[in-house]
Amino acid sequence: MARTHTLHLDSKAREDARRRLLSIKGHVEGILRMLEDESVYCVDVLKQIKAVEGALDRVGDLVLRSHLKDHVVTAHERGDVEAIVEELMEVLKYR
Amino acid sequence: MARTHTLHLDSKAREDARRRLLSIKGHVEGILRMLEDESVYCVDVLKQIKAVEGALDRVGDLVLRSHLKDHVVTAHERGDVEAIVEELMEVLKYR
Amino acid sequence: MARTHTLHLDSKAREDARRRLLSIKGHVEGILRMLEDESVYCVDVLKQIKAVEGALDRVGDLVLRSHLKDHVVTAHERGDVEAIVEELMEVLKYR
Amino acid sequence: MARTHTLHLDSKAREDARRRLLSIKGHVEGILRMLEDESVYCVDVLKQIKAVEGALDRVGDLVLRSHLKDHVVTAHERGDVEAIVEELMEVLKYR
């Protein structure tokens, strides 16, 4: 996670991702509160987990779109096609 | 989320889910810190999002297993087969 | 696949699954024909693969619903809860 | 599907995809035969459907890798970044 890199996430996408992750954090806290109630119903918890996963998918999508636009489409010019493609295939696996 | 229900998440599963969600909350906070760094790399963010989704899948699995064991396998005796099955199919969709 | 079993797929669901799989087979043959064309575009192939996967998901859903209704909800009465639940969790993994 | 396009799937990837799809077609035919047996067990069908979906995912991966290497990494030079990225995001959705 701390590796330095010459390619950076676009600042607008970064801000958008932060804003959404703050909301996701609040959603996780909401599920934690649900779980304090000993009469909580399994399926209600499952629905909330699914909703959080959907919200995370949307963060992933915006970061991916930004990566494609800013770094993948220019890989041939930059000369790092192999590295960019393999790294992307890895992260898309089981998406 | 607030609907009262006679079927409750097993307390051991509930505790396990809480513990895991606390760790997931910490993981989300870690991504938020990553995103404060303006030199963060897109793919590093994508990997962390994927890791959180994997952790959420595991919480979902334990809640689902608990639901199956405690409520689904007894639906015929209880007489709510139709409701239990449709609700489960809905929550498994696009899983 | 050849293991004998006392629990059987409901005949209506079996017929529905067969009909859908015949159509899926035709769809796969359609992609095979697309791939004979040397000017085929990657994304057009990807879209067709995704469509076939969607159709397979729907077959899986109908078989799963049938299994839940006919076998899972009666597992407690039958006394094979552990086996039914573990088997189901396994097949739902990475769904 | 019939739209002409100046970007074509690489012939080696195309041949690999065809070979795999022929095997997938055989697998679908195998499930069709399973479904002729009225004592077939639901979970055995679900496992086979999942196996076919896994095989389709692998075809999708090879076509995607080929598309990334041959067309996406050169989009900036070609000047169709917007179209290439949106099309790719669409096809990756719910992957």
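By written order: A, B, C and D. Residues from 1 in each chain.
We take it that a residue touches a chain if its C-beta (ideal position, glycine included) is under 8 Å from a C-beta of that chain, and two chains touch if they have at least 3 such contacts.
Quick caveat, the model's predicted, so the values are computed rather than measured.
S.K.: Centroid of subunit B to centroid of subunit C, CA atoms only: how many Å?
M.R.: 24
S.K.: Measure off the straight-line distance from the CA centroid of subunit A to the CA centroid of subunit B, and report it in whole Å.
M.R.: Spacing between the chain centres: roughly 17 Å.
S.K.: Which integer distance in Å separates the CA centroid of subunit B from that of subunit D?
M.R.: Subunit B and subunit D have C-alpha centres separated by 29 Å.
S.K.: Specify, in ascending order, the residues of subunit B that touch 2 or more different other chains.
M.R.: 64, 88, 95
S.K.: Pick one for the touching-chains graph, please: line, ring, star, complete, other.
M.R.: Topology of touching chains reads as a ring, each chain with two neighbours.
S.K.: Give every touching pair of chains, nothing left out.
M.R.: Pairs flagged as touching, ordered by label: A-B, A-D, B-C, C-D.
S.K.: Quick one: which bits of subunit B touch subunit A in the complex? Just the residue numbers, please.
M.R.: 1, 3-5, 7-9, 11, 14, 17-18, 21-22, 24-25, 28-29, 31-32, 34-36, 38-50, 52-53, 56-57, 59-60, 63-64, 66-67, 70-71, 87-88, 91, 95
S.K.: Can you name the residues of subunit A that touch subunit D in the complex?
M.R.: Against subunit D, subunit A makes touches at 61, 64-65, 68-69, 72-77, 81, 84-85, 88-89, 92-93, 95.
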